[in-house]
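Notes follow the structure.
Residue numbering begins at 1 within each chain, and the chains themselves are lettered A, B and C in the order written.
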Amino acid sequence: MDFVYPFDLVGTFFFAMSGTLAGAKKQLDAFGALVIGFITAIGGGTLRDILLGKFPLFWIHNMHYVLIILLSAGISLLFRQRLQQLRKTFHLFDTLGIALFAILGTQKALVMGVPPLVAAFLGMTSAVMGGLLRDVICNEIPLILRAELYATSCLVGSGVFLGLVYYFPSMPGKALIGFSCIVAIRLLAIKYGLRFPQLRDGK
Amino acid sequence: MDFVYPFDLVGTFFFAMSGTLAGAKKQLDAFGALVIGFITAIGGGTLRDILLGKFPLFWIHNMHYVLIILLSAGISLLFRQRLQQLRKTFHLFDTLGIALFAILGTQKALVMGVPPLVAAFLGMTSAVMGGLLRDVICNEIPLILRAELYATSCLVGSGVFLGLVYYFPSMPGKALIGFSCIVAIRLLAIKYGLRFPQLRDGK
Amino acid sequence: MDFVYPFDLVGTFFFAMSGTLAGAKKQLDAFGALVIGFITAIGGGTLRDILLGKFPLFWIHNMHYVLIILLSAGISLLFRQRLQQLRKTFHLFDTLGIALFAILGTQKALVMGVPPLVAAFLGMTSAVMGGLLRDVICNEIPLILRAELYATSCLVGSGVFLGLVYYFPSMPGKALIGFSCIVAIRLLAIKYGLRFPQLRDGK
């Protein structure tokens, strides 16, 4: 887990940034934007750990998460004009964040003896539920339910990771392969606008 | 509990269907609709168990729930035109689902030594909170706060069940009587449009 | 805690009132308004205890909370025209409620060995998350993210309280001083319309 910890903080940093910028767009004040940043950054992992019954939560006894979020929100607010122009960079970092959280979450669930199908679902929860909470609080239909293969890429990558764990347990780099699948699927989906067809009533 | 288990899966099936169809109406894609189906089906029971501090959650170590939800969502998506016409059938199944979950939830809370008034509230939580989450995510004012005696019928049925447990502990069929009360009240309320008067400001 | 308990019930009473009146404004029926009152009153403390992993929750084995909420909702519904005119009185009670819950929540987290920065955050959670849930369910952008120094006053008061705990541990009245800071900041902010500047895009 020590190996993973810095990545976890990096993912937290980028999710806090995405939440703070979303709050700023909603014409909230700086404090409101910070709260949204906070919920976006820790929401997915918090929900995963609550569902697993793993207490105390990862950020309760470790101030690093809170400090990273405050730092990220501060930077986001100071440089938000510039950051909102960097849409492409932003998509890249968001993608790295969800890929990381999906694989980490799947692994954490697996370690606790959860069946693989449920573990993949909990990995996806870690990755996307922070964003879902962000959108619900901002009073919008969640992006994750509409964006290009967003949660789907997490499920596929977690599935690949789980397949490797079961069939090639001694192979190195299993997590990295699952991670890369998510990044590749999501970036290709953004680039080519891939998405599942919308469901239409009466059709 | 073994006796109850198949009913629990049946209730899960119908709630997943109601959530998936609601997601489809919101023009989400198939995956988004599945996520809504999932949250609708397990949301109430999950919240009840979290409030009771009962971990791990019922669906974490048991893949049947996830499989049933995937099956239900698949069927709902394939046959959604036909299903959305069967409004009456749908109301019937939804009613059976909430009645079942309300009595089951009350019983589970009672077994954990919760006072009866709180147990009835937790039973209602099991029954209606999945639907509340579904509506909050779909960005609507929750139906359960407005529909015909929806949550009310659950509270009354749970109350009847609790009364029987306390005054006639050896009587058989207590759960069935509570269950029937909920079904009867809710179906009559739908049929005759019974509801509490809306509150109006300034009146 | 015995000293604090009656205040806790008083805070619960006023939060239930604020939620019930908000539900009534949304044209819900009496039952829907009661549910909103319930969630508003116990939501913040419930979320705090779940995040701390402190089970069973404070209101599960103690019927007083549920009874107080039912009483408060009943009074709110009967006298809601009169109550909605008493806007100033209402702000005062709401302020006393959040100040009480913020300091209580910070103290509870501290007792469980949580670092001070996280404890202040959990105190704020106790105070404001009930209102956030109320607004999310009523389909509005949460007031706490927009109102005059609402959550901010909680954070500052909790910070003052924490500073006293660390630097003057034997001083009496630490909680009262933190409490008074919150009340003073919030009431002055309401009176003079103090708030952080709204964030505007492109500025």
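Here is the rule we use: a residue touches a chain if its C-beta (ideal position, glycine included) is under 8 Å from a C-beta of that chain, and two chains touch if they have at least 3 such contacts.
The model shown is predicted, which means the values in this text are computed figures rather than measured ones.
One rotation lays the C-alpha atoms of subunit A on subunit B, and its angle is 120 degrees to the nearest 5.
Between subunit A and subunit C, two chains of identical sequence, the interface residue sets overlap only in part, with shared numbers making up under half of the total. Distance from the subunit A centre to the subunit C centre is 30 Å, each centre being the mean of its Cα atoms.
Residues of subunit C in contact with at least two other chains: 50, 136, 139.
Within the complex formed with subunit A, the subunit B residues making contact are 23-33, 35-36, 38, 46, 50, 55-57, 59-63, 66-67, 77, 80-81, 84, 136-139.
By the touch criterion stated above, subunit C contacts subunit A in their complex at residues 50-53, 112-115, 117-118, 121, 132, 136, 139-142, 144-146, 151-152, 195-202.
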